[in-house]
Structure formats: C-alpha cells, structure tokens
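One structure, as structure tokens, below. Some questions next.
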Amino acid sequence: MLRIAVLGCGRIGRMHAANVSRHARTSLAMVYDIDAGAAGEVAANLGVRVARTSDEVFDSGDVDAVLVATATPTHADYIERAVAAGKPVLCEKPIDLDLARVDLCGGRIAGSRVPVQIGFNRRFDPGHRAAREAVAAGEIGTLHQVIITSRDPALPPVAYLRQAGGLFRDMTIHDFDLARFMLGEEPEEVFALAGALVNPDLGKELGEVDSAMFVLRTASGKQCHINNIRCAVYGYDQRVELVGQSGMVLSDNRKPHEVRRFLAQRTEAAEPYLLFFLERYSEAFMAEIDAFVDTVERGGTASPGFEDGRRALILAEAAYVSLREERIVRVAEIA
Amino acid sequence: MLRIAVLGCGRIGRMHAANVSRHARTSLAMVYDIDAGAAGEVAANLGVRVARTSDEVFDSGDVDAVLVATATPTHADYIERAVAAGKPVLCEKPIDLDLARVDLCGGRIAGSRVPVQIGFNRRFDPGHRAAREAVAAGEIGTLHQVIITSRDPALPPVAYLRQAGGLFRDMTIHDFDLARFMLGEEPEEVFALAGALVNPDLGKELGEVDSAMFVLRTASGKQCHINNIRCAVYGYDQRVELVGQSGMVLSDNRKPHEVRRFLAQRTEAAEPYLLFFLERYSEAFMAEIDAFVDTVERGGTASPGFEDGRRALILAEAAYVSLREERIVRVAEIA
Amino acid sequence: MLRIAVLGCGRIGRMHAANVSRHARTSLAMVYDIDAGAAGEVAANLGVRVARTSDEVFDSGDVDAVLVATATPTHADYIERAVAAGKPVLCEKPIDLDLARVDLCGGRIAGSRVPVQIGFNRRFDPGHRAAREAVAAGEIGTLHQVIITSRDPALPPVAYLRQAGGLFRDMTIHDFDLARFMLGEEPEEVFALAGALVNPDLGKELGEVDSAMFVLRTASGKQCHINNIRCAVYGYDQRVELVGQSGMVLSDNRKPHEVRRFLAQRTEAAEPYLLFFLERYSEAFMAEIDAFVDTVERGGTASPGFEDGRRALILAEAAYVSLREERIVRVAEIA
Amino acid sequence: MLRIAVLGCGRIGRMHAANVSRHARTSLAMVYDIDAGAAGEVAANLGVRVARTSDEVFDSGDVDAVLVATATPTHADYIERAVAAGKPVLCEKPIDLDLARVDLCGGRIAGSRVPVQIGFNRRFDPGHRAAREAVAAGEIGTLHQVIITSRDPALPPVAYLRQAGGLFRDMTIHDFDLARFMLGEEPEEVFALAGALVNPDLGKELGEVDSAMFVLRTASGKQCHINNIRCAVYGYDQRVELVGQSGMVLSDNRKPHEVRRFLAQRTEAAEPYLLFFLERYSEAFMAEIDAFVDTVERGGTASPGFEDGRRALILAEAAYVSLREERIVRVAEIA
C-alpha cells in the first residue's frame, strides 16, 4: 500500500482523499489544508490524521507520496518540496499560471528521478483512452483530424474567474493536453477566437471570455479543432472525435443510466449528462491514481508528467497571442 | 411498363394508385371504386380514367394486372376474377376474415399459374428485409428467438373495429406473417393472451381486445414473441429482434429525420416515430410493387403468395382458440 | 457503521465482502466459508478475520448484521439462525429451491421484526429503478405492458446447472421479481414455453432448458412478457420496457464506455455489453447494501423481503406447471 | 404544373430531370446537354424531348422555367439568358468560380424580378431545416456556436479536381452557405487552415487541399466551426450542431435503414451512412424544387437566391486569403 498524503481539502481535494482512501493499492496517510477546519472534516470522515503544517507532510516517514490539490499558486512550490523530500508527487493542473514560474520549477527539479505526475485526468477516462488506443492500433489508419468538444455546464462564480487565469489556462488547458494526447504529435501552430457570449457583462468587467474555438496543427499536418463554451445546460459535454484515413472513432458522453423516454413529443429521450467533472470523470480520477502507483512502484517516467503540464500551458499562451493578434501563432514563438 | 388497374380508392388504394403511377416500371391503367366520386378524385389527380364497373377492369385489354385495395369482403371474389381473367393480382391482406372462404378461393384458383401476391408490405421494409438477410447469411448463427413489437399509435374508430374482424385478424395478421418470414419455418404452436386495456369500454361493447401478447413455436423449437398494443402515442412502433447462437440483429424504428435535442431535462431526444403505416412503410409499399412486377415479368411464384395469406389467417384462428381456452394451440388443430 | 459479517466466499460472496468493506456506512466484521481457504483469502485481502464456524458469526457481539452468500441449500437455515440471533440478514436469492422449505422458514420467522432482505439486486439498478419511478410518477399514464429481456452471455458449466434448480428457479426468478416490481401488482396468471436451443444435448441429459418465453397477467389485466436465453455473445443483455397509455419508458443496457467506431462496413458500433452480473449490476449491489442499512437503522420492513423471495419462487413453480401442461396456470393453484 | 426544362444531363442533371418529372407540381418540358447522347438517354427514359440548342430552351413557349445543372463555367451565362427570357431559374452552385464574373452577372440581372434560386440543397434537408427552425423558435435560447461537419466519402478523380476551383469553392461552399443559414447572421471574419492529408501527392501536383478546418465569426460574435475531409469511408458525413444559451440541437446523419447488429466484438452497429449527396439529400433535392415552384407561383424572392450564391463564394475567397496569410480575414476585405 502506497501511503499518500493529500494537500488541499477543497472540492477536488476531498474527492482525491476519498479516492486514495478506498483505492486498493493506496492508503491515505494524512491530509493538510491551510484551513484546518476543512482538513479536520476530511480527516474525521476518512479516519486519518491532520497534518498541522505542510512541512509535517514532507518530513513524515509515514508518507510515501503526496497528492497536491491546493490552490494553483502553491503548486510549483509543493512540487519542488516534494521532489526535494524524495516523495513522488501527483499535482493537480496547472503547474502555475505563469510560464516563467513553471520553467523555474522545471529547472529546480531537473535531473531528479522523483516522479512528478500532473492531474490531466481526462487521459484516464476509459472512453477517451480506448479511443486513443483504437487509433494507436491502426483501426482508422493515419490520423488526420481531431475534434474536441468541451463544454462546462455553467459559468463559475465571478470570484473563481478572477483568479483562475483565464479560460484558456483554466479550462482549455485540459483540452490542449487532450489534443496532444490524441494527436500523438506536438501541435506547432495555434489559432484561437473567443468571446464573452454567455455573459457579455462579465466579459466587459473581467475581460474574460466564455466561448472559444481553436484550431491546432502538428508538424506532419494533423489538424485539431477544440470548441469550448460555459453554458451546456444539458450536462458537462465532453466528446472526442478522431478521423483517419479509414474511419472515425468517437468517445461520447456518459449518462447516469440508460433510461429513455418515448412520449408524444419526443422519443429516445435520455437523461442529462453527468454533472460535473467529479462525476463524469470519476473513473478517470481513480485510474490516474492507479497510474501514479504504477510509476512509483515500477519506476519509469510519470505520464502525464511535468513537461506535459508545461506544454499545455505553452499552448494556452500561444492561444492568447493568437486571440490578440488574430493570426496563427507558432508554438516556437512562445517557448 | 406493366399497366396496373387499382381497385379501391380509399386511404390505402389512393396510396397504391399514386405508387403505381410514379413507379418506374408500372403505369396506372385505370382506377375503380364502388364510390365513383372517390375513384374520380384519384383519377383526376393522377390523370387516368375511371372504370365504371369492376368488370370493365377485368375485361380491359389495357390492363395487364390488378391491385386490389377494396373492402376485405371483396378480396376473395376479386382474386378469383383476376385469376380467371388471367391478370396477375396484388391483393391487400387479408384474403378474407373467414378461413372457409379463403379455402374456397384457394380451391378455385388451384392449378392456375397467374401470380397472386398478398400485400404483406412489411416483408419489403428495407430494415426488416436486411435483418432477415443477415440471419439467412448466418451472421448470428442458428436463429433461436424472434421478438416482434408492433404497436399502433391509437385505437381506430369504432366503425372500423366493428367490421375489422378482431385484433388478431386485422392487426396481428401482419405480425403473424412477419413471424413466419423471420423464423424461416412454420410455427406449429400458438399461445395468445389479450385484453382491452387501452379502452375497457370498447372491450365490453364489442368484445374486442386492444392489447395482446403471443408466443409461437416452430417444429425445430424456435420461439417467437409478438406484442401488440393500440396506444403508442410516441409513434407507430415497429421493431423486430432476432436472437441467434452468435448474436442479435435488430430492425428498429424510422424517424422523419435525425434531429436530436439536448436540453436541461432531456438529452438526445428524437422526433416521434413516423405515423402511420403509409409513412413508416412507404419504401416497403413501393418495393412490393417491384416484387410484383418481377414475378409478372420473369415468371415464378409470387411471394408472399396466397398460401402465405392463408397461413397468417390460420395463426390468427389458432390464437383465438388459445385466447378462449387459455392453452397452447397446435396449428394442426385449425387446418 | 453497521458491522456486517459475510457468509460465503465464492464469486458473489467475494464481491459482497468487498462492497461491505468499502461502503461508507458499513464495515466488514468477519467472513466465513465452509472452505476455510476461500474465507482466508478474502479475509487477507480485506484485512478482516475469518470466523471458524457459522455459530461464531451468529454469536458474535461484533456482528450487527449478516449477509448470506453461501450455497442455496443453506439459505433458509441461515435466515432462521440470523432471525433467531436478532441479526438483520441480507440473503442472496433464492430462499430455497423447494417452496415447502421456504414456507417452513417463513413460518419459523413469522412475527419477528428482524429485517430479512432478499438479494434481488436488479431492483436497485439505477436505470431500472428510474424507469419504475417514471411510471410511478405517471409519466406514461396507466401501465399496460411490461417486456423484460434477460439474456445470459453463455451457458453455465454443467456442474452448476445440475444443482441450480432449473432455469426458472435459477435465472428467471430475477425476472419474475423484476416483473412484480415493475408491474406494481401481483401476477395472477403465468404461461411458459421453453426449450434447449443453445445446447440441445444438455437438454437431453439434464432435462434442462436454456431458452424460454413467458407471459404473465395481473388481476387488473396488465400483461408482461419475459424472454430468456443463455447465449448472448454480445454481452449480458438486460432490458426493461414499460408501455403505458401515454408513452413508453425503456431501461437499456450499459456499456463500459461510450466509444463508437465508424468504419467502412459499420457505423456507430459500440462496445459489447458489460459481462456479467457483477459488472452490469455493480451499482445495484452497492445500492442494495444501502437499502439494507437504511432498514436496519431506521426500522421498517426490508424490501425486497422474505415474501418477495417466496412470491418469485411461486411464479417459477407456476411456470413449470405451465411448461408441463401447456396452458395458463393461475398462481393461486400453486399457493 | 410548372413546365421545367433541365439543362445539363450529367450525374446531377439526370437526378434533377427525374425529380422534375415525378414532382407533383412540375413537369419536365425538355432536356438539353452539349452531349446530345447524354440528353437523348435522359429524354428517352423520362419520355420527353431533347432541345437541340440551349436557345431552343430559352425561346420555347412550352418552358415556364429552367433548371441549370451544366458545367460551372456556363452557369452565369444561363442565369443571364433565363432572366432575359423571363424564365425563373434554379441554378446549381456555384454561380461561377470567379467572383468578378459573379458580380458581372449580378449587375446584368439587377432589377429583374425573375426568380433566381441557387441549388444549395442542404438548406432543404428535413433534419437541417428542423434544426434551424428549432433555433428560430427559441428552443435553445440565443445561438452561440455552430459546428458543421462535412466529409466526402473519398477524393474525386483528378480530372474533376483540376477544374473544380479548389476545395473551398467546390465543397466548402455548401458549408459556407449552411453556416450563413444556421447562424442567421452574416459571418464577418473567416479563418482557414488546410492541407493535403488524404493524398499528399495530389497536394504537391495540383496545389490542392483535401482536409480543412475553418472558424467564422458574425458581427454579434457568434462562432462557427466547419471541418472538411475527403476520406470518410464510413459514408458521407453531414452533421450540424447548434449550441445556444439553453441547449443544443443536433442534425445527425441518415442511414438507409435502422438495422443494428450485436455481435461478440461490437454492439449496436449500424449501416454505413448514405453515399453520396444524391442519396443523402434526396429529400432535399425534391424540397428545393418545391420551394422553387412556390416562389414562381406565389411571387416573392427566391431563397437561397443569387446573393446567397455570391456570399458563399466571398466566404470561400476570404478563406483562401486566410489560408495564404495565416490570419483572420475580414469578409469586408473581399467585397
């Protein structure tokens, strides 16, 4: 059993703590949060102890590895401390909102063999993964186009938006990572177009966008489209479409169950899609712990790793340049 | 061009007349109805002439074949007259509501080589036919079970019900024929259970049922279930499920188009199914004319033919005995 | 936390032990099996102790309730002992293969208020349950017909079949229970037709059937069809269709994920359905523990309870009479 | 009956001639083709006469209207001649590959009230139209994003590609029109990215592309993505997705029938999609004749009309500039 400490007891931290606690190959060593009350509640529910400081976590001989689910500005610090302490770390995305800070962190952990895994959970979704594997197995011949549909059910609160770093770094970053995963090649060019369509006022006040379309291209010419919008009242809409020389593979949405209604006005009507990421990607969040344990136990490089986190952020930065300059931006212009 | 006269200008006769008129291999020679006004209207729309009597149809040198879509009690007569006149006949189901009359007709036309095709249109539905062909091609191994779902959108008017001969002879007769077509073997045993669930009053007044379940078995043991109900507000529900040793083939419903709605309460909601048989089986009605022309032009036995019409009626009779006696009835008990 | 002991460490017992162990409201107190090795393995995996005898379970002050997943012939005994010991019991179906034994057990526990829940897991499937609730909420008006499709992926081993009590008591019993649950009324009449289509040899040797069709009717006239077959190579096929005066609700199958392939020969091709009941009904097995805990903690009658177990067996017995006598059998003839 | 002459007896002309011939409100007056043999064959099949020259068509008193399905370079001429002759014209897209020629034609017919309808058949597809109407009816609130998937089954022959004017003017032009139709607003900005992925050699030889992604934006900020590729072996893939503030409407593909296979490897497997535009849009081609007759008989402006044909071409031109300059292009830069 890998003894994992969870840092951060907010919404996603609580989910991770519960997952670590019930995962067959891990145990929850302790939890920590700057809000001791939040940590205490999780600890009580799961029957573990609270670390009073983050130092206590990194110093503890009872902690084999750490899972970082704290606020974004702490991620890079905690990654550095975990690596320094020789503790493998699974860190929520993004590494940081600032590429310079990410690169600084990258420099500081360079050369270490302590596994650093980034929480791009969607790579572990059974459907998305099976789609990727079908392509890798040659089922659709050479891959030509990838279309990623990624829609949040609603706008987050303004308070969240103020510190989230912008749509591309907060929400699209998952899609940029998924694009890289699905394309199997590095995107070299990025185009972005975006606006505040769901809530134009928010756009004016925060300069934030809520609806966007992207086009990416790899060196070999593979094309990728991403569309984002934050108003999918019918559920968290998460689809990946892979088009190749000899076919298409589609990873579609998941419903809570398979009941369909047939009434006078509509037939075959299904349930709304699962809301929200905790529900839609519940299997993926467990599977990413699985992968983390595998890496820790068997050695090898964590995947998705630090560089994957950095690459996704670079795509977000390139997309922001494209948005401002209304042109294709070469990723090489950014980093 | 096969010159076909259409007898009967009611709802289904009008449809047949229009089909004959626009079919690439047939022309509409003339139309006839006991209601001269009805015939006149069809004739005017389609630019053909009205026969004043049915004799005129059977005697005409301009008529190569006849399509009978008149009231049921005239079917057997018209079949006999068409055969006597040497004109191939495509006759709507049922041949007659009375098995004795059917057998009399059978005796009278025995030995003739004039093609007699019965209007079991469902055999020509592209989906049902493809399903049957998949089984014939061995795609699901030995066929074991057939499940036929057949639901009318609503109860017909009482006036119709009074003369329709009862649910089994009027509605289920199509399913009995489809069962024979799909099973590829003769059902030897029949069980029926029925009731007036949609309109219990009608049941009391007419002794009619509107909801039924059947189980059939062939000599080799193949099993078949049919369910009927006359209240499918979501559309005319027509499905066939074929289960074999190594798989299942399903022929499902057809919608007017493939629009789906995704709203807060429901996702993937499609249109109601096509209403009613004229719409759902529009391709089938054209294809049965195709088959009729093929038989007339190339020779051979019409299919479904007279004996198919008789067999379906025998199954209906067996089902009525089963309903009364609450037991399995052997088809051999009937005929 | 309700401390539950699990008796029986075979396939389904292992699953139950793991579920009890990770359920938020229960803990696994101990496990027992006549095969001490099997029990030891489960105990080691889940970190609990093995009871050396079943007495130890029923006598233990550390055991609040028991879950019985042993061989069928022991069920009635264990129910009686659990009730005598005042320990609520969740017992796998069937109570016994012999109705007389069931009735004896029923007499012995009569008057006790110790909850006895029977493991009809399908009632807890999120889809089936939502379908039932949609009907109860009046979404489709008065319910008229229920169609239950229930197909096992393959024939079980001969050794299993020799002691399983026959298809109707072993497999269909789940469908009989589901029929009662969905109909919301007691079936009063049963018709059954069955054969050995998947493996005729087995039929000859064991007198066993592997393919069956049933029709049931309630006092108010509601109709229900069940079809069973043990050769669904495309997965464990579990569907419920509910047809009412104003619509239909369908609870369909569940796939491991929502990937679809679009290739030259086929489009929209999905994964095989989940195999087998442990996978397909994994949520249901957890939810039935939930219901059990609710009953134990809040009081009230367990549901599905002892009488539900008895009623399903009576339907199986009626079905066997129908099979032999080829007629509708009134349930009142049996009990 | 509107007497329509069909000019052009190639693949699409033959289809139009047959449609005009069997449409309830039109008759086929005559056909014309520079290849007299092609015209003769159509004339013989449909029982009409061949015009020896195009003048004969425009001069004939037996011709109420013309349908132009000839080679693209003749379209503008024939439109001008039809208008001059006072004969309403339904002309296949595009008006011309050269915007200057289109504008010249536009100038010449300016002020005339003779209806000019352009053959953007997809606007008449029952599904696409119902989707548009659902949006117009407010079913999904304010429209924000449109996603058009449009994939040909295979690359056309090189000979065709040499004169087709390039992917954007030949294939995407339909999607540009559909985008305008669905958005309900004029796109003001266009971005395009394309490559020769299906056949890189063809790319090198002809400078042609076969795979493309577009992003468009209207004045109010609505976003639209189009993806094209010429290798959909699973069928002609034609989908429109409309996302609004309160829901999504999807117009999906059409299959020849609704058979699905459930086998050991795959479940729910459907038929390949209809190949090709003649089949997929067969209802649409009939419905566009309907609309044409309506306009001719009732007066009013043809829709889609000449300006729609011009606008779609302008979007194609803007897309080519974007492709070359790798930036957003304002439509106002073009015209």
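Read from first to last, the chains carry the letters A, B, C and D; within each, the first residue is number 1.
Going forward, a contact is a pair of C-beta atoms (placed from the backbone, for glycine too) under 8 Å apart; a residue touches a chain by one contact, two chains touch by 3 or more.
Everything numeric here is computed off the predicted structure, so don't read it as measured data.
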Chain pair with the higher count of C-beta pairs in contact (B-C, A-B): B-C
Chain separated most widely from subunit D, comparing mean CA positions: C
Computed distance of Cα centres, subunit C from subunit B, in Å: 41
Centroid distance [mean C-alpha coordinates] between subunit B and subunit A, Å: 57
Sequence positions of subunit C contacting 2 or more other chains: 232-234, 237, 246-248, 253, 260-264, 271
Complex contacts: residues of subunit B adjacent to subunit C: 142, 144-145, 147, 149, 151, 189, 191, 193, 195, 197-198, 211-213, 215, 217, 221-223, 225, 227, 229, 231-234, 237, 243-248, 325-328
Touching residues (chain side subunit D, partner subunit B) in the complex: 22, 125-127, 130-131, 134, 139-140, 246-254, 256-264, 271
Subunit B - residues contacting subunit A, complex: 232-235, 237, 253, 255, 260-273
